[in-house]
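Got some structures for you, see below.
Below, chain A partners chain B and then partners chain C, in two separate complexes.
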Partner chain A sequence: MTQISQIIILGLSLGGVFALMSSGMTLIFGVMRIVNLAHAAFIVMAAYIAYWAFKLLGMDPILSIVITIPVMYLFGLLVYRVLFAKLIDNPRFVELTVLITFGLSLVIEGLLSYFFTGIYRSTTPRYATDTLNFGPFYFPEGQFYATVVSIILLVGLWALLRYTRLGYAIRATTQNRTAAKTVGVNVHQISMITFGLGTALAGASGSLVSFLFTFFPAKHMEWVTIILALIVLGGMGSLIGSLVGSFLLSALAAYVSFNFGPTWSPITFYLALFLILLFRPQGLFGKKMELQ
Partner chain B sequence: MSDQIISISPVSAEPVSPDTKKSRGRIIFLAILFLSLLLFPLTQAIFGGMNYWLHLMLYTFMYISMASSWNILGGYTGYVSLGHNVFFAAGAYLAGILLVYQGISPFLITPVAGLLALAIGLIVGLITLRTSGSAFIISTVALILLASIVMDKWELAGGANGLSLPLMGLKMATAKIPFYYAFLILAALTIFMSYRIRHSKFGLGLRAISQDETKAEVAGVPTHIYKVLAFAISGIFVGMAGALWVYYLTYLRPGLFLSIGIATHMVLMTLIGGKGTVAGPVIGAAIFIATNEFFVAQLGSSELNIVATGIMMILVLMFFPDGVIGTLKNRNRLPRFLDWE
Partner chain C sequence: MVILETEDIVAGYGSGPDILKGISLQVEAGKTYCIIGPNGAGKSTYLKVISGLLPSRKGRITFKGADLTGWRTDQILRKGICLVPSDRSLFPDMTVRENLRMGGYVLSDQKQIDQRIAEVCEIFPILGERHAQQAKTLSGGQQQQLAIGRALVLRPELIMLDEPSLGLAPKISKQIFDSIEILKRAGMTVIIVEQNARMGLEAADWGVVLDLGKNSFIAEAQKVLQDERIQELYLGKKH
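Let's look at the complex of A and B:
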């Protein structure tokens, strides 16, 4: 019993980070119907920023979110302006964005491997390998901090969406783009800001995963599928859904990893993604036919 | 092959042009092209030193075949698959394992690899084609990652390290020639199939699906069956190409066959040439491989090559969605010898 609880604790302690990783993609999909396959490439990019901040400036990876968040926000605005601003009224927009963001992820992957090679990297702050003990259970210290930071950021995001004028506008655009436009929301501007917010969240996750996992430029393929599994389970576009999906799947993956070995744990996500797409494509919380 | 294309009366979905003069020039062009391709290896046999060109040509034939094959699903039906090299890997694993453990030549296995791909396509298609649009694309990405984990663990096939295949035992000078012909035949076969499907009732149904699936369903097209069939058929030639390619590489490893880059190439070639046309994937593959060679020669790094692929993909999608053939056709500038419809 203790063992199972311990496994679940380990899973849950990663859940917060997965939730942060997927929140940006969910937000972007919700507002713009962009399936951003480059989201994980953004995370890897931010992880490299955190890595070099750690190596060159000795900056703590958790602290480096003060760099990655604004840098990635601006990068997101740029990407939106260049790639999506003109396409948004195209009838095949959703499908186009899948392929365009896939192309973008290849560009980022290629550039990162050109400049930083394919070497496996991770930041190594003191807490990355330590553990915290609570009675009979233990927490890997790094995962604990990362999850706490993730939850703080997610609560911040929730507050932003719930209580600010910007948040009202974003939620209005998510619910009904045309109606939002009618009542005076500048949907283009809101889309751009949301895309920036989404990539900023990718930036923050990059800082956090830089000490949780080893990464290399091609790692984004694996992560993007994991993120897709999380948000498809929760229902594309639903933030609460992606949060629940993250905790559920990461606990499940921890269980699989404990019983069958760590190399099998990614298969939990892929298989889950596959099964959810087949049997409940709208996810646990999504509306039906959301992802057509 | 070129004669066949014209002489077999297609189950035409469009009115056949009575203008025979127009098609005669096309017959002559295609006949000359095919003949010169048939004779090209003689230059190697006689003069030697053409191995690089033979390699480049057979590589192009392989991608012509795979892109044309992908086009049946991605172009005609409008269902974009980023996981099509699952078929490629299936063919390669079948041929590679049979060669290593039974000593059967992959040339003999190639048709069987096509059948295996068809079977896999039917099974996987029945499942994944319950989804559509971006959900389908995502499911194909998941499929490829799923397959690579399984292959990484498969001991018989050497797991992640892979298997070395025995060589065919030909001299360096002639070693590429059998592959050249095999891929040439495969490419011709695929183009022929693609043409026949384009002009059949089945192909018309597929194009109806790509236009508007609901309306197609209402009009009596059995959309689900058609989509699954299109998925499976478009896997056949990719599977056959895999069986030949593994023998050519003499190495079987998950990373070589299940890299998403291969699927990306199929997509990109079809987009460049013009999706949904017969000639598009052919032209697209030729253009893509030529520019790719140029980039590798100029930039000399595979990392920048990935960047170039990505940039090309974005640019084509944003500014050139109809591809070479589609754009020329829209402007009524399509030269006759490229009008294979």
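Let's look at the complex of A and C:
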């Protein structure tokens, strides 16, 4: 019993980070119907920022979110301006975004490989390898901090969406773009800001994963699949869904990893993605996409 | 007094053909206008152009003496023109109250918005009773009241209703038209686009017939109702 609880604790302590990693992608899809396959590449970019801040400035990787969040926010605005602003009224917008963002992820991967080579990297603060004990259970200290920071950021995001004027406008745009325009929301501006916010969340995720996992330029391929599994399980575009999906799947992955060996852990995500798409494509909290 | 004037409005979607091919109309303050016409005549498109949701390709829109041509929707809303779109266009997962708050999105004073919401709930008491419910859980008639209520938060001088009775049972449509009566009594200028031409015209002072993107006919609503040709084309002749 203790053993199973311990496994689930391990899974859940990664769940918060997965939730943060997927929140940006689901937010962007919810508001703009952009399937951002470059989201994980943004996370890798931010992980490199955290890495160099750690190596060159000795900056704590958790603290480096004060750099990665604003830098990636601005990067998101730029990407939106250059790639999506003119396409938004295109009737095949969703399909186009899949191709464009896939291309973008490869460009980012290529540039990162060119500048930083394919060497495996990670930041190594003290807490990355320590553990915390709570009674009979233990937490890897790094995972614990990362999940706490992730939850704080997600609560912040929730409060922003729930209580601010910007949050009202983002939710309104997500739920009904036409109605949002009718009441005077500048949906183009809101889309751009939301893309920036989603990218900023990728930025924060990059800082946190920099000490949880080793990474290299092509790592985004694995992460984007995991993120897709999480948000498809929760329901594309549903923030609460991506949160629940993250905790469920990461606990399941930890369980599978313990019983069948760590090689099977990533397969849990891929298999889950496959099964969800087969049996419940709208996910747990998503709405059935209307055929147009 | 003329409050709204559109001159020779030409408009269409994307790179598609012109839907409106030169609509000119003068709207008197405090009067109610009902626009009728066959499907595809451009009735909804015309309202979209006035509210700034669709740019006009040619022509001029003046409201209270100001040239609104090329203005953004939020500017037009602040100036006092509100549209209630035909599909009711609510925010389904937001509560009734949040929907009403979105009606005041272009206002910055939260107190003012709260006060206006209270006023709206006096006109539509059901919205006050159901303020914490999600909009999608309301019935069709209640949703239409919410859509109108949301527009009223701005206390517009001109309110435009696109097919307010669409998809509603006759009894509910009548309730909606009763509430339009309240807007008229409050001195608002009202433009209604209505499939149910008879119902729309009976509520209106003036009737406007649009056909193929042009206004082909304007007269007092009673006269339009009695016009034999109109009866045949749009009203389904009563014998």
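In this text, the second predicted complex is superposed on the first by the 289 of 292 C-alpha atoms of A that agree within 3 Å, B and C clash if a C-alpha of one lies under 4 Å from a C-alpha of the other, contacts with A are read in each partner's own complex, and residues count from 1 in each chain.
Everything below uses one rule, namely that contacts are C-beta pairs under 8 Å (C-beta built on N, C-alpha and C of every residue); 3 or more make two chains touch, one makes a residue touch a chain.
From a predicted model like this one, the values you see are computed outputs, not experimental measurements.
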item: Partner, of chain C and chain B, that touches more residues belonging to chain A; value: B
item: Contacts of A:60 with chain B and chain C, given as first, second, both or neither; value: neither
item: Chain B versus chain C as contact partner of A:141, first or second or both or neither; value: neither
item: Touching partner for A:185 - first (chain B), second (chain C), both, neither; value: second
item: Touching partner for A:176 - first (chain B), second (chain C), both, neither; value: second
item: Touched partner set for A:96, first chain B, second chain C, both or neither; value: first
item: In the complex, chain A residues that touch chain C; value: 89, 165, 168-169, 171-172, 175-176, 178-186
item: Chain A to chain B touching residues, read off their complex; value: 35, 37, 83, 86-87, 94-96, 98-100, 102-111, 113-114, 221-222, 224-225, 228-229, 232, 263-264, 266-267, 270-271, 273-274, 277-278, 281, 291-292
item: Residue ranges of chain B in contact with chain A within the complex; value: 80, 82, 127-128, 130-135, 137-139, 141-143, 145-146, 149, 152-153, 260, 264, 267, 301, 303-314, 317-318
item: Chain C - residues contacting chain A, complex; value: 14, 51, 53, 72-74, 77-78, 83, 85, 87, 89-94, 98, 101-103, 105-106, 150
